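Input: structures, listed below.
Next come two complexes built around chain A: one with chain B, the other with chain C.
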Partner chain A sequence: MNLPQIMQYGLSGITVGSVYAIVAVGFNIIYNTTGIINFAQGEFLIVGAMTAISLSHVVPLPVAILGAVLITTALGGLIELVFIRRVRDASVLRLIIVTIGLSIVIREAMLHIWDEKPWSLPYFTGTSSTTVSILGAYISVQVLWVLGVSAVIVTALTLFFRYTTTGRAMRACSDDRMAARLCGINDRWMVTLSFMLSAGIGALAGCVISPITQTQYDMGATLAIKGFTVAILGGLGNSMAAVAAGLFLGLLEALVVSQFASAYKEVVAIVVLLLILVFRPSGLFARRATSVRTA
Partner chain B sequence: MLKILNLDAGYGALRVLKGISLHVSPGEAVAVIGANGAGKTTLLKAIAGVLKPHAGEIVFDKRNILGRPAERIVRLGCCLVPEGRHVFSSMTVRENLLLGAYCRRRENTAASVQEGLEQVYDLFGILKERSSQLAGTLSGGQQQMLAIGRALMSRPKLLMMDEPSLGVAPLVVRDIYETIVTLKRNGLTILLVEQNARAALAVADRGYVIETGQIVLQGPSRQLSDNPEVQRAYLGKEYRRIDE
Partner chain C sequence: MRMRVASVLCVLAVACGLVLSGCEKSPDASGPGTPAATSPAATKPATDAAPIKVGAIFAVTGPASFLGAPEEKTVKMFVEKLNQAGGVNGHKIELLVRDSGASPEKAISMAKQLIDEEKVLAILGPSTSGETLQIKNICQEAETILLSCAAAEEIVIPMASYVFKTPQKDSQAAQWIFNTMKDLGIKKIGVITSNTGFGKGGKAQLEKMAAENGVEILVNEVYEKEATDLTGVLTKVKGAGVQAVVNWSIEPAQGIVAKNMKQIQLDVPLFQSHGYGNIKYVQASGDAADGTIFPCGRLLVADELPADHPQKAVLTQYKQDYEAKYKEDASTFGGHAYDAILILTEAIKKAGSTDKKAVRDAIENLQGVVGTAGVFNFSPQDHNGLGLDAFEMLTVKGGKFAFYKK
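Coming up: the complex of A and B.
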């Protein structure tokens, strides 16, 4: 392979990898406040993208995306209030099964609303043929949008969790639930907020990738598996590690595609997931063993 | 300030507290002593709202707080330093203290929070030195100081402490108790629960002795320390009587 080819595969790997990272960050936000894996996370991306596509017919693109993010955020909050909060004797396993059920319901609802055709948002800038050249590789301008938005999301979240009162309160809930309540933090509200936040960033990620990958009602499941692999790879709950793990998986997939038939691409995530679960279940970057939360 | 009548509480079908009644007046320091498993921690958890009591009455500052959630009770000024400290171990000392002020976030200003921090740092100098260190890396005694400091950041009217001497080096226990005396002198109302009866009765005005979920004895601290039953059971004196 020559340099332009390496760059081409590398950049495409980084692009999908950064999307996986955003999905994984969504998993982590909810995992940190509740101890559960929200298997409807992939659906948030698709709902966001689909809503934006529908809205873009009536309002300008930026407004459509903003609207889609807000609507999906509200949906995330609603799901928590209506389904998660009301589960009696809410064990972690029970809640996870609820989220699996929800992902199926959302997917079927989307099938009815948007049918099985793939849709896509228009390119944010330029057209599908607008490219920029980086070290001999030609990439779509939309790729830069994906990378930029992913970087902004991760940075904004990091600042939010570190420097805002609400962000700190959410971290406090994941650290020690009882102590958080004794500080006056309403832990139930923090859980709702974590669902809203995950849904919102998921929707935004869904919108930026839509022009490249197109959006189909059932794509959430694949994204969820990739995101889950990345979250486990980085160590559940660790968002910075998830970014590194996301880029790693994206590049690995690109490498496999460059050497073998592209059909093997989907196998990569599953193989990585199995290997990590067998050999390093607490993640590549874990300093201490991940214990099951009993929040 | 705090008045408890016939409180029943426990875990599921297990009844730990059986009709506890006690009161704490403003400015007073009250100790609740008793053996392991007597229900001391359950009592404080029930008052703080972490545990939902089965029956009874808890009146704090003329409001009935029975069954209210913990986050609302701390906002009223009734704050618990839980047993085992429960600091946020993955967060820095400073962040822990700032979270202590969370319940007052609507009335807080940057200046009032800073003032609170300074007061805590004055009380526990070590926390200022370690302010950017993760709470999980502190020693047991420092974590206890942090837990107390975090509670003080909420500017409580009543400070409840559950076993502040547990798992803390004896020298540090003395420091912590000296701080409790200081807090009391500054007018803070204190409800203290301890297995370490000697330390608790030394700082408290009054005390209650709790056994298997019931108050078996109460009175001024001096009177309790002089009581032969208390001395035998909780202060480790006159052990010969047991041999006889």
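Coming up: the complex of A and C.
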């Protein structure tokens, strides 16, 4: 194998990994506040992308994306108010099952609103053939958009959770909800806020990856499973680690494709996940403070 | 407390159920109603005008919905028109459509339900090869006619006496691709296929026929049907120094291949299978789709056919009807369902009865039925009835399908 080819595999891994990463980030926000995994996260992505695709027929692309993010954010809040908040005696397990039910409802609703065909947003810059060349290998400009948007989201989230009062209050709810309430934190609204935030970021992620992956009403589950794997790989709750883990998994899959048949790609991803769960259950890049949780 | 959570979950489950069951009927409320309610027109032999029950299993939703959705719409449109005109031999057709979501397990239970409970005369579909192969024996044992809308060779070879299929065969598609390669002087190719029944079928044909056509397969890779990026596999193909790429799948991946090839500057011709016959894939990959070559029926280029072509009238009529009714482009897949219901009704007419065996025998002897895929000539040895001339090589030019010329 020559250098351009090795580079091309690397860039292919980054392309796939960047999608995994940006999906994984969304999982961490709700986890950071409630300790639950939102299995409807994949559907938030598709709702966002589909809304943007519909809006892009009438308004310019940036406005369409902004509109889609706002609408999906509102939807996230509404879902929390109508469904999650009403579950009394809400154990983590019960809430997770509610999110699974929600994912099915949203998916079927999307089938009726946007039909079964694959759609996609236009490439943000240039066309589908526009690429950047690095050492004889090529990468789509859209991947740079995905990486850039991921970086902005992760930085903003890290700052938000670490330095703002609201962000800290949200984390406090995850650590110990009763104690947080005793400190005067309105825990219910923190949960609502986390759903809104995660839906909004999911929508943005869905829009950015749409030109690469295309968008179909039932794609959410597939995306969410990979995103979930990556979130665990990095250590739940840590967005920066999720991005690193996403790129790691993407590169690993590219390595497998280069050396073996591409049919083995998924096997390797799952084996790595199992190894991580056995030997480093708190994730590849775990920080103790967020990963070791006591029930 | 536990009761309350349980009840919330119950409500949720019921809500899911409602939404799921809603989708079986609601995409098009104008489908055929209950046949008994809408039969003032059926007058002639009014004595024994019991409706003929015809089942249909299509992947209306799910990963193969771009096959199943147009198929369902087409069959509904056909039956509605037929019933308005008085049905076939004075019988109305009662259509029972089931949505399998492309799941072979669902297709099996739906086939059993249609055969055992509804006692249908025939089943149209399923949409995908994997599902069809699963229910092939079930229909054969129950002596119920199956008119599959899927492409794989194994559906009719080895032959089952009650099983027929309307799309062209994989081997014919592969032959057209190899013939075109011969014209272009292509000897070394890369083959990528999806891990579905259709992908496997195509892979097997390409592997079998490559040597005898003087073509060498340098890279032969299978990818996940949910794949959203194929630059990794294509990098391997590029590294092998091929003169052309063949992609064989029915998934949205068909649009992604074209994009990814342009992105990594793999500048060789891209051949796709007859699964590419939906303009959506072209739109999904934008400019990158230009120059893609694939074998296909003539539906997509119906307007360009000469006026004296035997299929011209059928194709333009179907296309106009479909596009006027559903406000979307017709695809070859809907055409396969059109052919299936057409063949069934022609056979019922010819048999003059609704006995399963009589209708089956009639299908086997149908000659010169002009459908959307081609002119069908069935025989006891050929349960597909289409010749090599049912295909045409097409290409993409400026975002539209056109005849391929060297």
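Throughout what follows, the second predicted complex is superposed on the first by the 261 of 295 C-alpha atoms of A that agree within 3 Å, B and C clash if a C-alpha of one lies under 4 Å from a C-alpha of the other, contacts with A are read in each partner's own complex, and residues count from 1 in each chain.
Please note the rule applied: a residue touches a chain if its C-beta (ideal position, glycine included) is under 8 Å from a C-beta of that chain, and two chains touch if they have at least 3 such contacts.
Note that the coordinates shown come from a computational prediction; the quantities given were computed from them, not determined experimentally.
A.B. asks: Once the structures are superposed on A, label A:Met178 by its partner contacts, choosing first (chain B), second (chain C), both or neither.
C.D. replies: first
A.B. asks: Determine, under the contact definition given at the top, whether A:Ala40 touches first (chain B), second (chain C), both, or neither.
C.D. replies: Touch partners of A:Ala40: none, neither chain B nor chain C.
A.B. asks: Looking at the overlay, does A:Leu197 come into contact with chain B only (first), chain C only (second), both, or neither?
C.D. replies: neither
A.B. asks: In the superposed arrangement, does chain B or chain C reach more residues of chain A?
C.D. replies: The partner that reaches more residues of chain A in the superposed model: C.
A.B. asks: Applying the touch criterion given at the start, work out whether A:Ala24 contacts chain B, chain C, both or neither, answering first, second, both or neither.
C.D. replies: neither
A.B. asks: Which partner chains sit in contact with A:Ala49 here, chain B, chain C, both or neither? Use first/second/both/neither.
C.D. replies: Touch status of A:Ala49: no partner.
A.B. asks: Once the structures are superposed on A, label A:Val149 by its partner contacts, choosing first (chain B), second (chain C), both or neither.
C.D. replies: Neither chain B nor chain C is touched by A:Val149.
A.B. asks: With the touch criterion stated at the top, can you tell me which chain A residues are shared between the chain B interface and the chain C interface?
C.D. replies: After superposing on chain A, no chain A residue contacts both chain B and chain C.
A.B. asks: Which residues of chain C touch chain A in their complex?
C.D. replies: Chain C residues touching chain A: 1-2, 4-5, 8-9, 12-13, 15-16, 19-20, 22-23, 26-27, 60-63, 65-66, 69, 195, 221-224, 226, 228-229, 231-233, 235-236, 238-239, 252, 255-256, 259, 262-265, 280, 284-288.
A.B. asks: Name, in rising order, each residue of chain A that touches chain B in their complex.
C.D. replies: 165, 168-169, 171-172, 175-176, 178-187
A.B. asks: In the complex, go through chain A and note every residue touching chain C.
C.D. replies: Result: residues 1, 5, 8-9, 11-13, 15-16, 19, 83, 86-89, 94, 97-98, 101-102, 104-105, 108-109, 111-112, 115-120, 122-123, 127-129, 131, 137-140, 209, 212-214, 216, 218-219, 222-223, 253-254, 257-258, 261-263, 265-266 of chain A touch chain C.
A.B. asks: Quick one: in the complex, what on chain B touches chain A?
C.D. replies: 48-50, 69-71, 74-75, 79-80, 82, 86-91, 95, 98-100, 102-105, 150-151, 154
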